[in-house]
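As written, the chains take the letters A, B and C, and residue 1 is the first residue of each chain.
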């Protein structure tokens, strides 16, 4: 993209008469998609709320009078009030502050987990699609085994082996989504794989790398992007599940799932401890699904009725 | 003079669940510099596979491909790269032959960037401008995407990409059959102009006989992976000898409403070249077929440069 | 043309599509006449509005984006535009049948061809039971030259030409009075095209069906049609008998089309293409739609709404300079 803009400027003076005729730069597919996306109200609301939550979680804690891990023994297990908006937990920590602070972990974990899975899946999927044939056959059987293991179980296994920590948790969370991404890519590659522009690329001596990433990728990626967006919510839930059983983000760091896990024993006595983190997770997942829905319609308008 | 392209007994088999598909089976032909070889036949006869095997999109099963006398049939690495720069292809479908996510400029400049023949960005831009001019694309379309252009313009972009590296041989795979009549004529003229300017050698694969007659010097007729007749263009239309060629020529809808063609309507359809029996593959549809047709056939010369593969040629 | 014998008459049909806030003027006031038992060839290039006309007659255009703005389509004295959707259900496939260009997508891949034809037959003759309908379907298959025992096979077991035969069998199974054939042989090879065309012609004569044949191939028109209409950018630019059009083409576009064809019996060095491209149907030129590409264009071609002129009895041409250009 950068390169193109550069040329654009360089030769602008030479044929600016022509430039005027085609007005601005002809719209690229990406621009068209983004424009369509921006026309979808629900997607924009979803995106807006996610950005809002993220910003608030980043800067919010600085403006609160309680520290994240600050325990006030006198204020244990208080219901929501003017002093503690969302109440306090069993250690006397302010749930509102912890929710804000935990949002960072949950959102970043959700997004980076999905992206990491996307990256692995795309590379493997493209290589498989490019080689094809017998390799594809064997690779698909490996995937069958891979996807036969439930995602959560896989995450638990990897998390146990790698140990806790942010990066390890992210890896553990992303592995489960890889087979689906490869399968999605494979389907797309099978349908565009025989198009002649790929043969054309071969005849001009394009390298396999170039064919995979410049010619195949942009034409097969859209359903995968949509899928990844939708999976962010799932990854957040899974991260919560990991924390819930004591893996993943470790205490005392607040993570929404971990907060749920802490609250589980007191649910009947102090329901707010469960309610607020639960609502936060539900809200983010909802917003991300709204965004993913809008993105799917924007990328493939044919699906929309 | 050494022909630009000479193929000897070229074969390309594909493995299919039912056995072997002899898509191209023992085809020999040569094309002289600056000439056009038309290859005609129905869909599924292997004409496209033949062309793609010659330009090394497919690995040949057996036989030889000589490019300017050099055997490139199993070339690898640098030799293959060099050969490919010399042999290009123009595709049938200008919709699927251009990457929908790349602008015209990106598509045409890609071979120039890859080849390393051009040192600087400016040289590439100069060459590209020359190409645009040669094939008649307005500079305004530089930054357009394929879906923003009509079929004729897209095909011009495909042609620009094919001639970008100054190849000697261009394989044209039905380049005008997806275009409207008025645009088809523009593209055919362009191809002929380019041939004159650059002394290009064409192999022109098509099912449209009036187009092939217009553009070709020499015509080969294919049926189920084999050549059944090859001859200079005029001779073939004046004196078709193989029963299949005759039927093919008579099936062309003529726009002359006062002299309707004497139709020879062929019975049956093209079967497939999967595990064929030895002998003439056209025999099941041929009105002259006898027992002798089940023996293997070979091309025999019946006139200057006119070869036919039919054992009963002298009787009918 | 004898007006009493006219079976299909399209009057002043206007169809527009809306897409992305643009209006696409697909059909702009088309009028056609087709006599009982005759064949009218509608010739034009991609995007000229040929298929839209056929679909308008059958009222199967998706609305939105398509909208029939005005016009009549009178088939056998009844205006299709006035029919309710329920009445149209009875007419489609019964009185009027359509053959589509692509036989690969016109058949249901998970039903045997026999069942598919039987279904059509049963829809239109409800007194038949399943067995009788299937027997009739077998007759229909035999009629198009496919052995009845293949009726139990699925579409993927047929080749392209065979599939098109099945599609034709379906279209003709109910003895329609009007057949709309939209590029029926474009997807097929020449030898198969010859088979299919001669078969359609024979069946049509036997059943005395009127046929509107849509094609871009002048050769196909020459072989099969009685009358011809040439369409350009949603307007009929020339119409008349086949002899009128092929022997005395009058409109510069028609003349250009003939000139652009490579001919089998002539030696030419270069073809004579029509310069330029077909106009964008959302931004049609004023006046004569062809004038930007026409070598005879004058000032008056750009501003006037060009009427149809009768150049000889039954031969009409939409060109304001046709009398001046008479050779």
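We take it that a residue touches a chain if its C-beta (ideal position, glycine included) is under 8 Å from a C-beta of that chain, and two chains touch if they have at least 3 such contacts.
Keep in mind it's a predicted model, so treat the numbers as computed, not measured.
*Asks:* Name the two chains that are joined by the greatest number of C-beta pairs in contact.
*Replies:* B-C
*Asks:* Please flag the chain sitting at the greatest distance from chain C, going by CA centroids.
*Replies:* A
*Asks:* So what's the Cα centroid distance for chain B and chain C, whole Å?
*Replies:* The mean C-alpha positions of chain B and chain C differ by 32 Å.
*Asks:* Please work out the Cα centroid separation of chain A and chain B, and write it as a whole number of Å.
*Replies:* Here the centre of chain B sits 48 Å away from the centre of chain A.
*Asks:* What whole-number Å value describes the gap between the mean CA coordinates of chain A and chain C?
*Replies:* 51
*Asks:* Flag every residue of chain B that touches chain C in the complex, lowest number first.
*Replies:* 42-43, 150-153, 180-186, 188-189, 192, 207, 209-211, 213-215, 237, 247-248, 250-257, 260, 263, 265-266, 269-270
*Asks:* Can you list the residues on chain A that touch chain B in the complex?
*Replies:* 4, 7-8, 11, 15, 18, 21-22, 25-26, 28-29, 195-197, 199-207, 210, 214-215, 218-219
*Asks:* Under the definition above, what is the set of chain C residues touching chain B in their complex?
*Replies:* 45-46, 159-162, 189-195, 197-198, 216-220, 222-223, 242-243, 246-247, 256-258, 260-265, 268-275, 277-278
*Asks:* Which stretch or stretches of chain B touch chain A in the complex?
*Replies:* 52, 55, 57, 81, 84-85, 87-89, 91-93, 96-103, 105-106, 110-111, 114-115, 121, 125, 138-140, 143-145, 148, 158, 161, 164-165
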